[in-house]
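Paired with chain B in one complex and with chain C in the other, chain A is shared by the two complexes that follow.
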Partner chain A sequence: MSSVIMEPRKNLVCLGAGFMSGLVAAEVARDSHNYSVVAITKGPWWDYVSDFSTTKYDEWGVGLGRKYDSPLPVQSTTIRNSPTQFALPVRRYTMPIQYHALGHGVGGAAQHYGGTMGRQGPWGYKQQSLSDAAYPGKLAQIQPNNDLQDWPLDYAGYEPYYHKWELVYGLCGTNNGSPTDTSSDMNYPWMDPSYGSKYPMPPHPLTPVATQFRDACLATSPPQGAKFTSYHPFPHVSSLASQPYTNVPYGVPVNPCVYDGYCGGNCNYACETGAKANAAYRTIPAAMATGNFKLVTNAYIFRLVWDATSHTVTEAHYYDAQGNVHIQQGDVFFNGMWGYNMIRIMLLSGVGVPYQYNSGLGTGTGSVGRGLTNGYAPYTGTAASGTLNIGANSYSAGNASGGSVDIYDLMDDNFDHTNLNFIGGAQIGMGGYAGGGPGNITLAGNVSPSNTGVGGTFKAKQKDKYLPTTTNVGATPFAPDIPTYDHYVDLDPHYTDIYGDPLSRLTYDWTANMYNGATYLATIVAQILTKMGASNVKVGATPAQVHNDWWGHHLRGGCRIGKDPTSSVFNSWNQHWLSGAPGPNIGSNYFAAGEITNTAGDTVPSGTHVAGPQSWRAAEGIRQYLQTPGLLTP
Partner chain B sequence: MSGLGKTRAFMSKTTRREFLKIGLAAAGGALAASGMEIPLFSGSNSSMQTQLNNANTQVINLQNQLKTVTGFLTLSVNEQALLEPIVETIIPSDSTGPGAKEAGVIYFIDRQLAGDYGQSANMFMEGPFIPPKVPSTANLSVAPSPSWVALPSPVGGGGNATAIAYPGGTASPRVGAGINYQYPLNLRAFWKAGLEAVQNYARSSTYGAPFQQLSGDKQLALLADLWAGKPATFADNHGTIIGPVDFAYELSFMTWAGFTMDPLYGGNQNMVGWQYMGFNGVNLGNAYGEGLSQKDLMVATTPTRLKPASLAQYQQAAAGGA
Partner chain C sequence: MPVLKIPRKAQRIVAPFVESRVPGPEEFVVLSEPLLNATLKLARLLKGCKSKWALSGDAGELVSGVSIPADHLSILTTAEGCEEISYRLVENVVQPPRIVERKLDREAKIGKEPYPVQMKSHEARFRIEGQRLHVYGGLQIRIGDWEWGDPLEYEPEYVYVGSEKLPVVPLRLKTELYIGLGWMDRVKKINEAMVRRHHGPGFGG
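Our next item is the complex of A and B:
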């Protein structure tokens, strides 16, 4: 017999226990007011020693079976490319596409990500206004139905939070732009040295391909119209610890990466040393240490209760493992659920104004679900490629993104776009050594009508595949995705989760800006490849626009922070705007942060790092609100 | 049951013959005088000791193989007889090295289909089941879920509570390809239908004989047909129609998985798949006392071949055994 259980009221209720909730929980629990905090997650607690150290080297179970990840029979999502299509559900994680699984439990998807981090530069926060000022009419020309907005704060507003976030989660890298000087830790031009913005750990050792890329960048002339006189290569910024570390200011000890290679490879692998930064091994321990924090695992949140009079969330309802319904009341609610699940629980609960697309007008109203973009597009655009005369151990050795070198010079407005048909650009990186990943499944998963995997000819090509004597290098440098009115998240009218509630439905396709950017940038990358000494340098023919079939794991937008309450969901404190709800705007107790509270950006694929400072700002806002409830002043 | 006899004969033919060969070789030179053909001793450049060592290794390998898998949990005799030549066509045993046969791919597939994989245990299997590619002339209308319609306002604001028309022919090909599996069948049932459909196609006028009896070229051609979307009607013995490309994906994918996944799952026996591809398994640089650092291996510019180690070996070492 299941029953309804009323939980003790808490000052702060965190929905989910991943990157964002972990930080907010730790910051609020550590406040001198001894606030009580609970975090509720649908999955278990993972202990990296006992849970991963002997069972993670299992490509079939982890990479394909997704044994540590969110089970699809409980909940999936549906996807389509346009509002006139019927959205089909994702039924399995593989075949023929390797879908990226949601995380499950404490630490969330960051239990298995690649650890790519990097700040978003000033341009990313003001894409819309800067583009309109520099290139009047261009945005509308590229993407007539664009719904691009500036962020509510600019880069300077987020810089202090970036710095704190990087110390807590533990990043490694050096951004000095010099190939030899790794001591100064001056940062990339926009990073203000006065903050002492120094990554707490040195970068991972560079691979031979990475050093060759770095040297080639320094020896290559920037493209015509560049606003810089030379490229600025620097080691990849990673959240995989490069040495033993104790995080600041929490004092949580962190083990370094062991470069075992069962790490990247479609971001499949959990880390057996805890070197891969996530909430379970960085922030949740700090929250626990306060004695003010409670962690609820294996609990599936299915509703929030919204009080239309007070404009507050009053309760979160969840099922436990026995099927009991628990009611958790709180003063403040923070939504740190992954991606579209953040939107879904709001739509299921009547929190905010759902976005509704009007196909007749080609625009839409409302804000929850609006402005979905994707920070990752593996099939878009034109690739530049070549072959280096460098051998490698392409089996499992290395870490997810470590060892590579990046340049930011070909993104943002770092070059003149007057005669180009796109805005922004791409972060280009090379030499990342994920190991084989182990990568067998890359082979198995890549079989296709043009590459059927059948017969002796194909088999012969796999001989000693992991012991290559040459290395293929290249990039698919797509420009940023631009939010449009017809890309959004809503509730699916046909498919439900195991409890009978509608799944989220993604209406999304890749946008022209991504393609146009790739076509141009691939030729620039090809120049660098040539300088690297690569043979057979090619720029692939511009493909006909293919369509998204990707169950996006690098979503941005859909639940944006902004300046305008009618088109964004949260204000600059990541506090709910009430989204045009009737009555005076008295300030809600509902906050959220995550990849999808970003607007479109240009730096890293996932946007996690860009969301991180938002969670810190939300934590500050929540502490203010707990003292003085009301609308926080920007 | 001629099928049963045939399969059993196949099973024992290979293993018994090889065991005899190697067992006799290992027993030493005395048998050389018996007049039996012992090919292991035919090499003129090897010393007797080396040959004996090789033979011993092969005996151990074979014993390990026999210990692990020789039976079937779910594949029927007819399915075994058909699937063996299919996986051996996909990854042939040839001059470049061992193939699906030596790796025991069929046992990997059998165990997967008998377990969670076959039961689609980690798949989302709620209806409605809509074919991803609607014929271009069709317009499909699907009523909304009653449970969704019943949700209180304003929950419904994000969706469209009326039936949604799927305009035939306008769906992008990638939408169809990407979220491909939309069958109301678990994967075991899908494989049963698919294997029957392959056999029906082989027996059709296009090829005219059971798959096992076709020439190697014809077998390759038939698999290529599936990838090209042929035949137009790909159906099992009772009229269940599936997409030939969908099943071709399954065949190639699972065969390569059986060649390359950890031996714990029944395929990649004796790690022959990993050895063929130069993959190290869970040898993180010191499984056999090599004393190599993963960090060094990561930045090397000439490849170092590591003898692969399996997950079971790794776990035994981690537990202080081995």
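Our next item is the complex of A and C:
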């Protein structure tokens, strides 16, 4: 018999138990005030030995069945390219149409991600004001309906939080290519040398292709209009532990990567040694060790209770696996749910002011759901490519994000954009491990009878897939996705989850800035490929009319932090503004952080890395709020 | 859109879920913050130390992934290393180096018989960031009335504690030592860590 259960009140209630919630839970549970904390997640606790070590090599179950991912029959989303279309639901996880690979359970999507990281540079935080100052009128020219905003803090404001967050999750790398590593460097994510080492662990070993790319960058002249005198290649930043590690300040021991190859690729395998940095093996143990923390698994949060008088969230309601309703009261609520789920629960619960797009005006009002962008490259886009005469072994070895070299020189405002039709640029990297992840089932990995024929041709293609004698190199150098008024998240009027509540609806398509940037930058990348000794170097142009069919899992924006309560949901402490709410702006007890709270960005590979410092700042804000409730001041 | 009505009734829905056992707090062994700070300080103070040294004891195992609580730091080094470390940590000395022979609290168990265990080393004691640090140089062990063993020899492995690269006594040496002493509970602990680190059987498995 199902029933309604009232849970003991907690000081802090974390919605979700992933990257952001884990950090906030640990920081607050470790506070000297002995705050009580609970984290509620809809999936299970994953033990990387018993759950992954023998069952993760199941390509079919992991790659197509997505057996470790959020079950779509319980809850999905609907998607469309424009407000005039009828959105359709995502019914299964497959490439290339749908590639969500949403996380499930403690650790969230980071249980199976590639671990690719990289800080966002100073330009990314002031994209709107710096672009307007340097190139007046350009933004409106490129994207007339742009809804771009600056972040509430600049890079220097987030830099200390980056450093702390990287020590907790254990990142590998050397630097971010900054020539000076000082605050005078506006176009690279500099790293304050007063913190000692840069990233705590050394990078993963480089591949021959990566070293060739690095050498070619150093030997290639910068493009016309560049503000740098030579390229600054550096090893790719990764959150897959390259060494045995103990994190700081929690003292949680971490196993290193064993380079078994079943890591990335289209399957995105979970890690059987816990080397993929995620909350379950970095922050939740620290929270647990305090004795102040409770973890609730297999619990589906379906509503928050908003008290319009006190402007606070008072309860979270969730179903357990047996269908019982649990009511969790708390002093402060932190929402660390992934992406659109964060927006959906707010819309379902009346927290904040929903974004309303006005197609007649081409603008909109409200903030919850506003400013959706995508942090991923267009699946089909303008690209530079070539072939290197370097063989490889694609049998499983290596990992998803190590071994490569990046440059940040072609992004942000590192070159003059006066006569260009885009702002920003692209992060370029090459040389990841060839065997980092078996493809999404051999037959779907571009080697199938349908495109090779059968018999000897098929066998030759199979052999060439695993022991190639040449290596394809290239990049799709898209520029930043600019938030626009007609890209947003709202509730779908037709489709519901298993419990009968509306699904979220995503309205999104590629933006002109991305394509324009790729068209220009691909020719510059082609020069580097030529310097690498690549043959058959070419630039393949894709018409801008191609629509988005890649609903990536790196959705950014949609629930933004900002300076203006009418157009952003959270302030610089990631505290809910109460934008548009009646009465004075007193500050709510509701906080949130995640990629979806990123205001805007450059093209660094990881929105998660950019969101991380927000979670640390939110934790600081929550501790302040628990002492003195009210609007936190910058 | 107006707020959707909150259903307070339980739902008769059969949703797929993965069964899950959430580990208890006692299953998460972490290096305490005071010991962590002392470890970081120690790594900085001994940077450039010419003698071979490595973090040992429970703390050494803990940072190598063994689920064993630690209440102080230990270093295993040579007799000369004990002198050099004492020189480098001169401001932290509690007990200067001297040859110390002592009986361990725990006995060895060979077959079914218990035997007293003695250890002899150049020993010095320090206090780093308020935490105890014991340094053992040229450590030798004797079980019962057998002859003294040779000074323990090892090639250190390395772990990162935060940004600090730190030498640790290899778990293989610790395993051999524990097997010799019959401390199979400690062998089991290390074996469990090896299984978790290498996703397969540990030593001897």
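A few notes on this one:
Please note the rule applied: the second predicted complex is superposed on the first by the 581 of 634 C-alpha atoms of A that agree within 3 Å, B and C clash if a C-alpha of one lies under 4 Å from a C-alpha of the other, contacts with A are read in each partner's own complex, and residues count from 1 in each chain.
Definition applied: contacts are C-beta pairs under 8 Å (C-beta built on N, C-alpha and C of every residue); 3 or more make two chains touch, one makes a residue touch a chain.
Keep in mind the model is a prediction, meaning the values are calculated, not measured.
By the touch criterion defined above, A:L491 reaches both chain B and chain C. With both structures placed on the common chain, the touch criterion links A:D464 to chain B but leaves chain C unconnected.
When the two structures are aligned on the shared chain, A:P354 is found in touch with chain B and with chain C. By the document's definition of touching, of the two partners only chain C reaches A:A289; chain B does not. Touch criterion not met for A:D602: it reaches neither chain B nor chain C. In the overlay built on the shared chain, the residue A:P253 is in contact with chain C alone; chain B does not reach it. When the two complexes are overlaid on their common chain A, residue A:V368 makes contact with chain B while staying clear of chain C.
With both structures placed on the common chain, the touch criterion links A:P205 to chain B but leaves chain C unconnected.
Look at A:D481: by the touch rule set out above, it reaches neither chain B nor chain C.
Greater residue coverage of chain A by touch, when chain B is weighed against chain C, goes to B.
In the superposition on the C-alpha atoms of chain A, the part of chain A touched by chain B in one complex and by chain C in the other spans residues 53, 71, 73, 258, 260, 347-350, 354, 491, 501-502. Across the complex, chain A meets chain B through its residues 53-55, 57-60, 64-66, 71-73, 75-76, 79-81, 84-86, 88-97, 205-208, 258-261, 347-350, 353-356, 366, 368-369, 379, 390-399, 403, 433, 435-436, 438, 440-441, 443-445, 447, 449, 452-456, 459-460, 462-469, 489-496, 500-502, 505, 509, 546-551. Those residues of chain C that touch chain A in the shared complex are 1-4, 6-13, 15-25, 27-33, 35-36, 39-40, 62-65, 157-163, 165, 195-200. Looking at the complex, you find that chain A touches chain C at residues 2-4, 43-49, 52-53, 71, 73-74, 104-105, 167, 170, 196-197, 200-201, 243-256, 258, 260, 272-274, 285-286, 288-291, 293, 295, 297-298, 300, 302-303, 305-306, 317, 319, 321, 323-325, 347-350, 354, 491, 498-499, 501-502. Residue ranges of chain B in contact with chain A, taken from their complex: 89-92, 94, 96-97, 99, 116-117, 120-126, 128, 130, 132, 140, 142, 144-145, 147-148, 151-161, 164-167, 170-175, 177-182, 220, 223-224, 227-228, 245, 248-250, 252-253, 255-257, 260-262, 264-265, 276-282, 284-285, 294-295, 297-306, 311, 314-315, 318-319.
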